[in-house]
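In what comes next, chain A is part of two complexes: it sits with chain B in the first one and with chain C in the second one.
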Partner chain A sequence: MTGLPVADLLVLSGALLAVGIFGLLTRRNFILILIAVEVAMNATILNFVYFAAFAPTAAGLSGQAIAVVLIGFAATEVAVGLAIVLALNRIKGTINVAQATELRE
Partner chain B sequence: MVLGLLIAVGEMLSPGTYVNSQFTWLHLAGSPGTFPNGVSLVVGTLVDPLSALLLLVVTVVGFLVMLYSIGYMHQDRGLPRYYAELSLFLAAMTGLVLSNNLLEFFLFWELVGVCSYFLIGFYYEKPSAASAAKEAFLVTRIGDVLFLLGIFIYFYHFSTVGPSGGWAANGFVFANGTAPYLPVVSGSGSTLLTVAGLMILGGAAGKSAQFPLHVWLPDAMEGPTTVSALIHAATMVAAGVYLLAITSVFIGFTSTDQLAIVAIGGFTAFFAATMAVVHPDIKRVIAYSTISQLGYMVLAVGAGFAMVGLYHLFTHAFFKALLFLAAGSVIHAIGTQDLFKMGGLRKSMRVTSAAFLIGGLALAGIPPFAGFWSKDDILGAVYSQLGSHPLYWPFFLLAFAAVFLTAYYIFRAWFLAFSGDHTRDPTLPHAHEGPWVMQVPLVILSAFAVVAGLFIFLPNFQALLLNGAGATGIPPVYGPTDLALSGISVGLGVAGIGLAYWLWGNGRVYALPEDSPLQSVRKVLLHRYYFKVAYDWVGLRLVYGISRGADFVDRYVIDGTVRGLERVFGSVSNGLRRAQTGAVSDYAGYVIAGLLGVFVLLLIVAPYLLSKMGGG
Partner chain C sequence: MSLEELAFLVLAVVAVGTGLAALLVRELVHTILWVSVFFVDLSAIYFLLEAPFLGVLQLGVYAGAVTVLLLFGIMVTRKRIFSRDAATGLGPVPLALAAVTFIFLVASVGEFPSAPTTLQVYDPSALSALLFGTDGPWLLLLGIIMMSGVAGAIYLVREGRE
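Moving on to the complex of A and B:
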């Protein structure tokens, strides 16, 4: 296996995760939060694909399969998320999550 | 009712028929040490001579009382409730009589108890009725607890060390359908069995209002008179005697138990009769008389003659129900229970007067009325056993003395209510007989009160009694075996009636002189030997004191702990409430913080602890 060294890959996926979490915690726009979640999730998918290359064939295939399934998950998640965004917008007239605090005690 | 009659008649036609059917209700696997065969709780019915006799009483008297109630209760707005409770009672009583094991018996026993509670408190608006109901329930409950303990002891005993057959596998079932029954305990059994017998006696004493648990029955007269007739004279209170009888037939009592039963029965017979002598309330006089007669039955069972006791139960049920219904007829007509306000009712209420007279003669043991045969049988039976223990003597004599008192008090009541020219209280309404539904039961019961004792001369009835008597080695006594004994008892009865006539006859009212030394005796009797006062005192001081202590512990120790915990959790959760902002990003922050916490635990703390443990 040539190309990207392990350390570089870990830095890359770690950075992606950090960016995602940072976005998740700081953004107030629902759509931006969804994008941040996608970014964090892609860090995971990247890890699966990368380390699958080191594994024997069967296990490697399953690593790649999980990556594909995760991409599917991400798509459904976005679909659900966007549906919530639409509903939220219809009810509140805004997609700012800071204003959606109906579940407060 | 018809079914009950059929069974009873069938039993009489072919004595010795036993029908026992049962199914297992619950089976618990046993452990090798204690109950090797496991525990089966069964539900079943058993029809045998004992239950047939009782079945006859319950259904006939029950039917007549229900008929009578149509007239007696017709204005009462609680009528549906009344009939519902009465029917429940009859069903429970039938179940009790037909039970084939002690546990099932106990269930029905409790059910009749609660029906009795409902019906005593039928006029629940009256505080005295409500408190009488409570009193009856609580006092009989003492007996019930003892009874249950007795069942447990028998169960423990017979399922571990008992004889083989039906007993060993199952300590509860008291019959396996073979006759004659063989009591498995006799003579000087073990201490455990003696204790169990005493517990059973306690249960019977509670239900049958025997000394010292007799206080509830006179107060139970707060219920409708029909209820007194059915439950508190003919059937339910007899359940205690029935319990003693089946226990003595199926299980048997030790000789110590027998002595205790004889003592309680003989003493109660006399003790209750003395209280009836002075009481001004017609129903309570009859109630004391019930306690006294139940004492006779208990005495008979204690002396080893269970069937003689049940024979008296049988005759007593008819003439006592008759007396109560006649009294109810009087109360219905003039609206008072005070004997001193009545008088001269013989003219306006001929049927009732005759019925009460017949009941009184039967109760006083004048031949050929029903009470004579069975009471004499009891006295003869006890007399034949006097040799078995010197302590039987005093109780035999007490029971004998009670014959005189019985005749006196019941005729005092009759003379006060029915003889003379007019009622003593002129404000009372003019008396008239009730409707035919009230008169017919009186007539039928009168017929029974005359002839029920003569049943003993039917060979099949004898066989019925003999079959249930079991192989105790003591044959039941029939009729006047000892003419001298009968002569004395009838003489005492006549003397009692004579004294009553001399003091109260023809409308006379005997006033005890104020300076008579008997005044103090009268006072004690009127206050029922101060038993109620004493029980109230115990209840108030002792039980209330204990309850106060328990209340303190409950309030400050248990509740204090709970409240303290509640305060801690309350403040903690109040703090946590602020974390619920509703903002999504805050929650996301918590999730990530939690995740980080888990990582810290897994990657840093856990390896550190593991290395410590491994190293230490």
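Moving on to the complex of A and C:
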């Protein structure tokens, strides 16, 4: 049986979310933006795991189930994001999002 | 301070450090290396939180598949994979927004107990019974989303759309 303070864990996920938002706003490379989104998404998944770990009843197991589903969602999101990267690279010749300013192909 | 708290502190510092390093280094391949350390570190946190099923999933999906997928993306879109990324300005607005987010979240943490709480230990087989059981459509939902995602990805990269 291990014991951990809830507050410390929440500070960690808050810090990771801040790092993700920071990366999302500063970087212009599409792949780095995807990584920033992944970092922020991992912060939210961590929250689900914390609250499952601190739930007094077995109902907290749903938190871990949601975390499993979210990991799958994040993997799908990376796959779709990389498909967009490849399409953008083929059409524009660059994956800098600052240069992708029009919707038509 | 107990051993678990010390381990958590180290893992938390490594997580924030590698997350920041991944987003700040100039070479994209180094970003992937840092982010893979970040994913492995998070998996260690899951093991520490008595969630071994999620820890293994994190290792397999994130540290394994997502890292390789991102590396593949870099390989396809760059002529030389070690080429540097264009410099990005660390503007005051993104920094301020991230800081405000962090301060707001930390301020709202105050209601939670800061004394160590005993963790609930779940049997991984109970989790798989919940995932595969008939109580909730978890895996069905995941399957539908993943299948539509893969279909969308194939639609986006198929030949002859120019």
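One rule holds for everything that comes next: the second predicted complex is superposed on the first by the 96 of 105 C-alpha atoms of A that agree within 3 Å, B and C clash if a C-alpha of one lies under 4 Å from a C-alpha of the other, contacts with A are read in each partner's own complex, and residues count from 1 in each chain.
FYI, a residue touches a chain if its C-beta (ideal position, glycine included) is under 8 Å from a C-beta of that chain, and two chains touch if they have at least 3 such contacts.
Every value quoted in this text rests on a predicted model; they were computed, and no experiment measured them.
In the superposition on chain A, A:76 makes contact with chain C only, while chain B stays out of contact range.
Looking at the shared chain after the overlay, A:84 reaches chain C, while chain B stays out of its contact range.
Once chain A of one complex is fitted onto chain A of the other, the partner contacts of A:97 are limited to chain B, with no touch recorded for chain C.
Note on chain A: of its two partners chain C and chain B, the one contacting more of its residues is C.
With both structures placed on the common chain, the touch criterion links A:25 to chain B and to chain C.
By the touch criterion defined above, A:12 reaches chain C but does not reach chain B. Residues 21, 25-28, 105 of chain A touch chain B in one complex and chain C in the other. Chain C makes touch with chain A in their complex at residues 2, 4-5, 8-9, 12, 15-16, 19-20, 22-23, 28, 31, 35, 38-39, 42, 45-46, 48-51, 53-54, 57-58, 61-62, 65-66, 69-70, 72-74, 76-77, 85-86, 88-91, 93-95, 97-99, 101-102, 105-106, 109-110, 112-122, 126-127, 130-131, 136, 138-139, 141-142, 145-146, 149-150, 152-154, 156-157, 161-162. By the touch criterion given at the top, residues 21, 24-28, 33, 97-98, 100-105 of chain A touch chain B in their complex. On the side of chain B, the complex with chain A involves touching residues 577, 580-585, 588-589, 592. Interface residues of chain A, counted against chain C in their complex, comprise 1-23, 25-29, 31-32, 34-36, 38-39, 42, 46, 49-50, 52-56, 58, 60-62, 64-69, 71-80, 82-87, 89-91, 95-96, 105.
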